[in-house]
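Okay, so chain A shows up in both of these, paired with chain B first and chain C after.
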Partner chain A sequence: MKTTTQDEATVSEELAQLSVNNPNLVEMDDPPPPQITSEGIITTDITHKFKAAASTLEPGELIKDGFFTLFESVGSLEIMDPKMDSGCLAPGESLDEEYDVTRPLLPSEVLGIIDQLLCLEMAWHLGYPLSQTLFTNVYIEAMQMPSPTTIQEAHFIRSDDNQGDGAAQNPMFTVLRAYCLGLLKACWYVNERIKSEHYYEEEDFVTNTYHRSLLEDIDRTEIRDEILAARRLLHSIRHEISEEVSQALSLRLELRTAFLRAIELSELRSNPDSLSLPWSQMKAVWAAINKSHHLGKPVPEAFSTKIQRRVASTMPPRPIVHLSFEETFKHFNNLLEDGIEVLKVLNYHDPQSLLNFVLTFQAKKPQPLVYIRTLLQNFLFKDMVILGNLSIRQVLDADLSIVVLPGSRLLDPANDAVEAPYDPRFAMAHQMEVFRQRAAQSYLDIHRAFCQNRCRVRRTLCHSIQDWETVQIDAEDIDQLLAVQLEEQPMSYTTTLTSSSEPALSLPLSSWAYLYKLRLMEWIVQLGFELETYQPDELAGMYWYLSYLAKTRAQHVERIKAFTVSRYNEKRIAGTSKVTKSEEEQHKRSLSYLRVTLIDAAVTWELADGLSCLYTVLHRLKLIPTYPGPYSSDELRYDIRMKPFSTVGLPELPSFETFKNATAQPDTSTADLLTYALRAVEGAKRGFHDGLAVLNEKEAFTVGTHERWVARTKNTLKSVISTSIAIGAVQRALNNNGENNNKECRDDVLHNDLKVEVPKPDKTYHEWWIVPKITVTEKKKAAGGEGV
Partner chain B sequence: MEPLPPRVEELPGELKYIQYEHSLEAQYLPAIRALISKDLSEPYSIFVYRYFLYQWAHLCYMALNPLDDSLIGVVICKLEPHASHSPPTLRGYIAMLAVSASYRGHGIATALVRKAIDAMAARNADEIVLETEETNIPAMRLYERLGFLRSKKLHRYYLNGNSAYRLVLLLRKIDPDAATDLALDDADQLLPTPVPAPPVRTQAVG
Partner chain C sequence: MPAAEQMSRGEAGDFLQSLLNKNLRVTTTDARMFWGGFKCTDPESNVILQHTYEYRHPSTQQLLLAEAVATTGNNNNGTIKMEMQSRYLGLVVIPGKYITKIEVEEFASQLPK
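Presenting the complex of A and B:
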């Protein structure tokens, strides 16, 4: 809800005076009709006709065509409403800001203005428009309007205003100007970067520059020279203006040069160590800037919303966004840290590590700012060259090799050179190319999707699964054709999760697609937890569905593994061609990948299973508030909740009956449910200790992102442990009531004895694992028993 | 934030719930605007109110003080075919809901919403949707108690930078086979058309 400083009566009063009801307006003389003369145009004054027609309407009657939508009505403005009409002035108010940019400034005032600009710059990065942030500053406006075309013109005091008194030469103006030059140029680069990548306008960021150039035409080297000159000047006058303040100003100028340098280097997309130098420099400077903030003297009058009247915008004038310096400091610090970190993506090792980089980097809390996220997209995709030097095919083939086709003939680049159409290798090259054409975009889109804001990641993935559904189907056709070329025989296989199967083909390409589709589906559910889309009474069901998906993935990985192992063994035994060292390496790597994926899927499945059972028990004990609601039904709610998955063929969406049964488990006793839950969670724990915890970065496929991955993995482990603690608490309470044989009576006692808190995602160890906090209330106090 | 006015302990008798009609504009529109604007940082022009009230007066309900017929609460809705689905659904939209701060906590908002839902259901609405600010816990609780689900989160949906949840209440089964793009709106495409509609965002019931 919004805050307001007016009470209802005042609002009423103000509204009564507005618009159509305003008697002051009626009393005014009719303005003369405008003189319209244009060659070949005959004008007719229809004022009277219009008035006559309008007089037949009741006030409030709406005349509109079918194209007048809510959008138009929301966009309409009321003239003479000061909140909507940018030209509406209070009595005695001037239209323009009357601040004199030539008035002398104290060094501390320049510092104060710069620090305020830093806050506004960060507010812009966070998503507020320039009109409410940097463009509220009178110096920025004066520098940009009229638009400067040379570095000399780029001054808030233009030479012709100067009238020879040398005002522009004032050292403090030189410093402020240099700062503004560096600031605006950086903003131009940032804005261009964001515009050139995928982002959501007005949601992530507002790219509107309101016809201000952000110094587009001025060369960055010229700007850098001005900043250097200003720093030299500061150095020379440091004794006159206090060493401390001079130093503080110089640091801020250094920040500007370093930022420009960081931006310039990022275009190179190579050699991340050297690219990170200016970022590290900024980080050091930023810490020092924070310490000297108190030296500045704010100049609030140098900022005004009135400037918005000058910027070409349909927006009603809106207040200046005030971000505190403390907030700004935090956000800037994150920006700089993320800026250093994001460069490391350029250290490419393998496609799975790359994907893990993107996943873990974007999962950071708070999520990296949109500039960093677009920078990452730029590194990844610019000109269809991955990370500056890899073709899409290289990355895609490497991924296929890791996941399904280690050492496969299908990925042999030599196939491309075969010209004989009857040679199987000719067909292989062709079919693989058909597949790449089909799958590459979908594959890259996963990375792109994760570069969006978290809400959009989830929404985008909901679309992507439909795309992957067809990728999988198309891939299966190609698999069939390739099986013929490879003379593959159907094979039956047995895994720990499935009994012996019917003889089947390996279908590597569609297996690959299916694996991604399953991961996408899991991510959608997991992001649902993260974004608090599910209410507490849905958690049992959604963790059940997550466990169903993860278990399906585990089974699928086992299938892939069975074929991979068999193919390798065949090759070794057949001895027709020696298994090369490279093939052996690839095979080992693939098995290593399948192993970590299997453990990950198993841990997810077991922890989700355990949590689901725990929530089912809490439901039974009426410790989770449920709202059956007078409208809709559980089945209709299930329909909405599962909408994103309803069109997926495999794995098929469980029926509502199945879901209901799995969530309520009516045939299992509470004690058994808890025992089962604990066992599942213990299984998850083993998966960590024996599996995930012992992996190095190559084995985990987290090269370049291992630290973040380990941290996330540890947080999942903490979730596992806290889940088993929660289960234990309920078990103990249950056991303490062991003498109570009457089930309903016992449940009532438990209901009163236990207190459950379902934490917000940001209050958990891992935002994908909403583990309830369970406390046993003291017997004496146990009375009413509130659910939450 | 301004301190809230003291809440009334007891309602002044049974409130009158009446359906809005155009002839009531002069009497009630200023009060409706005042009540709704109070919780908004950005104002809506009169056209926004008229857009809804003129076309869907029958989906607008007011709660009136029985003593003097003054406005205590209001709900404003629309009901239209929603075309980005195939087949299109008849989608109700709760655009604005407000209850005067001193009268909150008496179930007035819930009563208003129920009247609106009943009216839309009677006109064959398939589903009812709305958006509410993520920080507006009372509003979300109200709707969730009635059976609404959060279908998605909308990042920085409001001009103040806050995110929103889309809440959905499905009133009848929609044939999944007939739909091609069930999950989502056209606004969900990977490459969206920029500039989303400025949100209508009044759910002031806390």
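Presenting the complex of A and C:
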């Protein structure tokens, strides 16, 4: 069916291309006078006959070509419908651009136009198409159409014959032109950068340039020279136009050169300090630009949606995006700050710090703009070289060394040089390479995923789970083979969380994969809170699941630690000479990492546990709004929420019964639940004070992003404290009703006495911790006062 | 309405059928012309054209510009010639209420003498 319509289409297209049917040859009959080129074609006016004939048709009757289906007609453009027909003009509207680009401009007008262009440029960065932003400007359009191939042609006033034309030489035109040159070239680089990395078209950004070149063919050095010349010109005429305005214009030109320079340098991917110079320069200039905005005189006539009719798109004109200068200022400031900060990723220290950098940088609110995010991707992955000078193997091996294999023979680069196939080192090198091939992509994908917008991060992680599941399984096979080569003996271990285990192998590679998989699962749940995926009445259950995952992670880290410690001890007992200084340092670093991870997991587990219990209590008191869904049941919803995890073998997905029980805890009294919740939260608090608060950047594995990490950690601590306050408030209300023995009656009283507000994620201290705000109602306060 | 245009239903249907897949030039109230293959119509004279091009008369601004060029040139004989601006649209439906003129193209050689 589909193929036949396609064939038809191609046949009719071919027919259309036959010279007789070629529309380009058909001339019109109205003024200008008819010139029928093809003598063989005659046109006949059939207006009346046609209309009369059509009117005889029954309602609903159609005359149509047998091969034409109404299904096809759905895709047709409706002429004269202003929402569809881009050629449709309002009464009295003309297609002409009334604006004359050669009209003289006042310096303040040029300033006004430039500031408007700044707003539109930012709107483009925020995700609006060029057609609704920069391409609505008549100067930009005139400069780009027809497409210039040399710097001389790139002018909105083009006159080939009169080079010395006064109009084109007007100093204000020179300034505006230089600004537009710098702007368009920067847009070209930004657009190319975004296109070359992973982003979501129309969701994050629109890369369509509507067949405008954005000065692709013109060299940036030529543009820089033009801008410099314009600035010199401004300097020389500063007394003729006011000094203030001249200064303001010059600053805007400086912004353009600095932006181009920043882009140029970012391609180097090294030496972040020198890379950040133009960004810092822009930031200083930007502050000054904001102060001189009032000097400009807006020229709204220089912007028009009519230009959209000429861009290669059948979309009808859509309105110009108006971003206020205040908003633009804020966004630009963020862009510049993020631009400076993102360069710090190039100060590579260790892979865990790198991951933490990406995690905390992307968790910023508002999230960095798509250009900055693609810049980060470019730094990270361009040409499969990490941060400009590291191989994927270097990063991966360093990560394995930190997490599971400090000072291990498996990571010895000398193994690669062994050529004897019976040598265990030969087998080790081979198996490790198999593993790297298997795991590297999944490992890098975590970083890439976090460079996307927040909703996409969560979606992508949901898909990656399956991937990590298989990495873990494959790694276990490799682990078994390597254990033979290392002559490893199974060992039983005890930790604080688990009693003694059956003797087991250390399985370092699959342990590594499992740890990442667990972190992925936690992130998915946590991002669920951040993105408001869960309704308030689901919070008890989801925090319970989060605590379940975090507890599993803590147990797993303890297991890794047990093997790491025992391996180290074995080595030491075997003879001190065998432990080199570097090995000892690697061990220390690994233990330090395991400690942070353990504390982090424990804090997450305890806080989630405490919150879950609190929400259970609030649920019992009917203080959490529930939404009646006629087609929904708790079990169906559970299936949906757990869908990303349903394919995961370990940790096993709790059954719905277990989940329901853990969420409702019917056998525990409300008072006991609150006591338990408070204890859990106190535990989390201790984790901060004794553990996380005292770490320096090397111990926390946050080199380069420590400040941001500390701020985030503090916000979690604030969440811990506000949770304990909330628990305390409910406890007090409960104790005040201590004399009331009838449980149902007491719950009713509490229900009336307390007011609960579940805040939106952006109103919390930390968007992953939705802590309810509990207040005692006024009525109760008054009653309490009387009692005293 | 002239008697000649009082067609029977059968004749009317035959006439419209005979136009199918011929190239029509449909002019709308805003003086644009659409050139394309006739595919379908209904009692309201809504017309569907395939592989349609839109033609628009030059704007007054462009006419003035062309005039200025023509008058400065040497071969000024008082008239100027301008191409219509065209644009490809593809499949379009033109509501009957906006149609001011319909013309059909035929090969001169195929017309009855």
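One rule holds in what follows: the second predicted complex is superposed on the first by the 692 of 788 C-alpha atoms of A that agree within 3 Å, B and C clash if a C-alpha of one lies under 4 Å from a C-alpha of the other, contacts with A are read in each partner's own complex, and residues count from 1 in each chain.
Here, contacts are C-beta pairs under 8 Å (C-beta built on N, C-alpha and C of every residue); 3 or more make two chains touch, one makes a residue touch a chain.
Everything numeric in this text was worked out from a predicted model, so none of it was measured.
**Student:** Let me test your reading of the model: by the given contact rule, A:E301 touches which partner, first (chain B), second (chain C), both or neither?
**Tutor:** Neither partner.
**Student:** Now for A:I42: first (chain B), second (chain C), both, or neither, which partner does it touch?
**Tutor:** second
**Student:** Going by the contact rule set out at the top, does A:L62 touch chain B (first), chain C (second), both, or neither?
**Tutor:** After superposition on chain A, A:L62 lies in contact with both partners, chain B and chain C.
**Student:** If we overlay the two complexes on their shared chain A, which of chain B and chain C does A:E326 touch? Say first, second, both or neither.
**Tutor:** neither
**Student:** Who does A:F71 touch here: chain B (first), chain C (second), both, or neither?
**Tutor:** Once the two structures are laid over each other on A, A:F71 reaches chain B alone.
**Student:** With the two structures laid over each other on chain A, which partner does A:A53 touch: chain B (first), chain C (second), both, or neither?
**Tutor:** second
**Student:** Of the two partners chain B and chain C, indicate the one touching more residues belonging to chain A.
**Tutor:** Comparing touch counts on chain A for chain B and chain C gives B.
**Student:** Would you sort A:E570 into first (chain B), second (chain C), both or neither based on which partner it touches?
**Tutor:** Touch partners of A:E570: none, neither chain B nor chain C.
**Student:** Touching A:S646 in the superposition: chain B (first), chain C (second), both, neither?
**Tutor:** first
**Student:** Would you sort A:K83 into first (chain B), second (chain C), both or neither based on which partner it touches?
**Tutor:** In the superposition, A:K83 touches chain B alone.
**Student:** Determine where on chain A the residues touched by chain B overlap those touched by chain C, and list them.
**Tutor:** Common to the two interfaces on chain A: residues 12, 16, 20, 58-62, 68, 73, 75-78.
**Student:** Looking at the complex, which residues from chain C come into contact with chain A?
**Tutor:** Result: residues 1, 5-9, 11-13, 15-17, 19-21, 23, 25, 28-35, 37-45, 48, 50-51, 53-57, 59-62, 79-82, 84, 86-87, 89-96, 98-109, 111 of chain C touch chain A.
**Student:** Please give the residue numbers of chain A that touch chain C in the complex, ascending.
**Tutor:** Residue positions touching the partner: 12-13, 16, 20-21, 23-24, 26-28, 30-33, 35, 39-65, 68, 72-73, 75-80, 87-89, 94-98, 314.
**Student:** Considering the complex alone, what residue numbers of chain A touch chain B?
**Tutor:** For chain A paired with chain B, touching residues are 1-8, 11-12, 15-16, 19-20, 58-62, 68-71, 73-78, 81, 83-84, 126-128, 198, 200-204, 316, 318, 445, 448-449, 453-456, 458-460, 462-463, 466, 531-535, 538, 627-633, 635-637, 639-641, 643-644, 646-647.
**Student:** Which of the residues in chain B come into contact with chain A in the complex?
**Tutor:** These residues of chain B touch chain A: 1-2, 22, 25-26, 29-31, 33-35, 37-48, 50-51, 53-55, 78, 100, 114, 117, 121, 133-136, 144-157, 159-161, 163, 165, 168-174, 176, 181-184, 188-192, 194-198, 200, 204, 206.
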